[in-house]
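Contents: one structure, followed by commentary.
Chain nomenclature is as follows: A, B, C and D, assigned in order of appearance, with residue numbering initiated at 1 for each chain independently.
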Amino acid sequence: MVRVTGVADETPTVRTIRFEDPGMAAALPGQFAMVWVPGGGELPMSVMAGDPGGAAFTVRRHGPASTALYGVDRGDLIGVRGPYGNTFDVREGRLLLAGGGTGMVPMMRLAMRVADPSRVVILMGARTAPEVIFERAAAALGEVVISTDDGSRGEEGTAVDAARRLLGSGRFSAAYVCGPEPMMAGIVAEARSRGVFVQASIERPMKCGVGICGSCCMGDRLVCSDGTVFDGDRLAATGEFGAIYRDKAGIARRY
Amino acid sequence: MVRVTGVADETPTVRTIRFEDPGMAAALPGQFAMVWVPGGGELPMSVMAGDPGGAAFTVRRHGPASTALYGVDRGDLIGVRGPYGNTFDVREGRLLLAGGGTGMVPMMRLAMRVADPSRVVILMGARTAPEVIFERAAAALGEVVISTDDGSRGEEGTAVDAARRLLGSGRFSAAYVCGPEPMMAGIVAEARSRGVFVQASIERPMKCGVGICGSCCMGDRLVCSDGTVFDGDRLAATGEFGAIYRDKAGIARRY
Amino acid sequence: MGLATRVAGIDLAGPAMLASGILGISMDVFRRLLDSGAGAVVSKSLSAEPREGYPNPTMAEAAGGWLNAVGLSNPGAPNFANMMRGAPGVPVVVSLVGSDPDEFVSMARLFEGLEVPAFELNLSCPHVEKVGLEVGDDPELVSRIVRSLKGAGVRVIAKVGLGSSDYLGTVRAAEDAGADAVTAINTVRAMSIDVHSGRPVLSNGFGGLSGPPIRPIAVRCVREITSRHEIPVIGCGGVSCWEDAAEFLLAGASAVQVGTAAGGNPGIFAEINSGISSYMERRGYSEISEVRRAA
Amino acid sequence: MGLATRVAGIDLAGPAMLASGILGISMDVFRRLLDSGAGAVVSKSLSAEPREGYPNPTMAEAAGGWLNAVGLSNPGAPNFANMMRGAPGVPVVVSLVGSDPDEFVSMARLFEGLEVPAFELNLSCPHVEKVGLEVGDDPELVSRIVRSLKGAGVRVIAKVGLGSSDYLGTVRAAEDAGADAVTAINTVRAMSIDVHSGRPVLSNGFGGLSGPPIRPIAVRCVREITSRHEIPVIGCGGVSCWEDAAEFLLAGASAVQVGTAAGGNPGIFAEINSGISSYMERRGYSEISEVRRAA
């Protein structure tokens, strides 16, 4: 159990929950924790590390568990296990980092790890202006491009549209993406069609986080233990990426 | 399990069993292992360490388990767990190290640790000449005094007699002893009566080796986990040292 | 020197099978594990209807192993049969959970024509009421279920666990009713409570303990069964390396299942195969069954 | 804020008792443990006659805990009563093992006039035939034993374990017969086999698993008993630190016993007392029983 040291609103439905934990503070970009809110459920969360010894989760409230985590206060105890999963293969040259919603978390961590703003473009996709998060912090880590579906901030259109335009410039040696699966699938397809190395950090429902339960499977891969980060080619080979998910009973469903 | 790398006869009833095991090779003087001969039983054995990475047990056959260990061959596998127990408090000045029978093992290890032959006297007690062990090796570690009950080698008399004479010289700042309990009790009493710091490494029947079963208790002390090495004053305080042992059922009996 | 073996009429490429409930909802994952050296794979326990299972937390580390109460989440036998139909060439031992003979038989019938070498009956899930242990604790019911399935002409493996009656009575009932093999054991009913919140660590409260902590209990059960019964036993409980697999074989098992330790490590089957193979070579054994007879 | 508590009429200086079978043949050791903070000490299980127990190996590490088959070695009830007579001022909960009511009663009578706050009946030793689990698996016999002892006017704690019948039936029998408390659980029957020699690691083959691996099983049993029965429960199984002790209290236990973890660490009782004391302070509890009620 770790104690929450701070809570900050990012948008009306997104909060960042800070805590101290040496293990989580050492999490690599793309790694996640299983986070338990006693009485409120457990869910996988991408780990944001920043301050020495400190770490954070950025959570959007939607289901019961994420709403419980969203609702914790400073001083509350939450359970964390992990960090689990792999990390990104950071290439040379100019890099496109595309994040949608709380999918920005691993992109921020990745940008910190690259630590060279001159070769990083951070594409932040959101439905509408108030949902744009981390803008100020991102500006210190690379060139920021914002897209909103409704055009209320930055370019109008989806993050896939914006990524298509950016990748079309031909300047990128690699692209990295995290966000809703259809968005990732669109950007991965764009990058692959242009021969740009691309990796995505996948989010799927998880129970164990360590490759036992199989809940997060995608084809023959397990997001928790084979991922969360996969190469675009591997994702395409699963035949399920962006197309099929499994419900709580494990029944394959189309997106 | 460790593989026996060599077997050497010390006397007609005593053998040294060599094996390789980094953990046991690092055992301190006085520490012991629980040694399992599959199908033959398990018993506590003082650990002799010497060659880099190598260790050995010196066993006299008497009961079923010691006879089984005595009977192992080069290449056999035996189980070892430990090392367990504490070690000696090595004092400055001239030291008397008194070993009886296979009680010589911790004394040899202690002499190696002192590593200063000029201040070590090794008293080797045996019933009769053929039972004297480690004589050559001991000569390299200190001045050797041998006593045999029948006078067939060295001084005639018990090790307690010899220790009394040596301690009477007043030259020793500390004495260390390992052997049959009545012998240890005699030497501890001699040393205490002269105000010489004394420690004994106790041998008692053991089942667990780690302070759970209580088989090796002596007063309120457990030989395995509080010892095997105790100060003379502590031994005297038990009221049982040299006087009372427990049989297999745990019934206190007089020596 | 062969790792291939035959248990209850099922041909296994190696002695280590994937246990039920692990990684068990993707035919692609099953194929990957079979390609990685698993002797066979067992599906999640399938019920007549889909089950969502319990909400998270459904798994937590405990005592060096894992505590779980997934709640038998599964796509249901009909959906799983369709998944198998869509992925030919991947044989799957199908685990079934239910509460009466007719239910088991009608589920088994869904798999006619598919590559199902055997059905494993989960008579021992420790954290769902009315199925699992409540069935296994009733030897007479076990007997009727096994007889019905044997009457339907399928191979039957009874998976037993430590419930509130003598599990050896369940074994006897299954054997007498014609079961082809027994898998021993399931997870052991257990609970952990977080001292900071005062709450059980699983949403269901009670769960099943798996992994290294239960291995000595499982080895004991395998030895107890094989010393009293003729029915072949598949050992299950905490197998994490080849030595563990060998220990179960020495206890009398004909094969083993790997559960918790396959988590995040699909390579474990190859590791076990390689270790057992060297072990057999050192001992001069040419068949897995010789390990069993060596104890 | 007090660590002292009262269970089954026994006053405990703290919530952590020494479990039976641990360090249990020297009155001096008992005194040392009581001085070190143990709430009470329980003797080895005493039989009518002395028992040498099984030959070594009687203990082996397994699954992060210990496997043992000491074989109930003990000096016999008469010798132990004499030991107690020779060491006044050291109260000992006396553990008894036997197979019929008269045997238990005549052993208990040996302790008349001695400081024995209660007798704990070992109904659950998993590795000796005819006593232990064979008794505990027979609720009717348990009932007769408890009634006889209660008739003799002594306090009775029934120590239960996982045998081949429903342990909750044993609890019910003990409670209905008037037992003052239940200790749950004993070691769990288990076995380890050395793969190099092909031999069981204990001379007796089967033994009992103790320590961390059985804690989640023991916590479950405590919760199962306390959610169905009124009888006070002393939790036992893998308690290694204050958090473990608190976990048992949260599961419903009135006190705990420490076994394996007291091995080589008599300071554990003070550690547990200190941890529980701080925990109670943080939560504003003034009595141990409040921890139990917090869950």
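The criterion applied here is as follows: a contact is a pair of C-beta atoms (placed from the backbone, for glycine too) under 8 Å apart; a residue touches a chain by one contact, two chains touch by 3 or more.
Everything numeric in this text was worked out from a predicted model, so none of it was measured.
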Relative to chain B, chain with the most remote C-alpha centre: A
Intercentroid distance (Cα basis), chain B paired with chain A, Å: 63
Centroid spacing, where centroids are CA-atom means, of chain B and chain D in whole angstrom: 36
Chain centre separation in whole Å, for chain D relative to chain A (CA means): 51
Shared interface positions of chain C, touching two or more other chains: 199
Touch-based graph of the chains, sorted into line, ring, star, complete or other: line
Interchain contacts (touch definition) - all pairs: A-C, B-D, C-D
Contact footprint of chain A on chain C as seen in their complex: 22-26, 28-29, 31-32, 44, 50-53, 55-61, 66, 68, 70, 73-76, 79, 83, 194, 196-197, 199, 201, 203, 259-260, 262-265
Of chain A, residues touching chain C in the complex: 1, 34, 36, 38-39, 41-43, 64-65, 77, 79, 81, 207-215, 217, 219-220, 222, 224-225, 238, 246-252
Footprint of chain C on chain D - complex, ascending: 62-65, 67, 162, 164-168, 188-193, 195, 198-199, 205-206, 209, 212-217, 219-220, 223, 238, 243, 246-247, 250-251, 279, 294-295
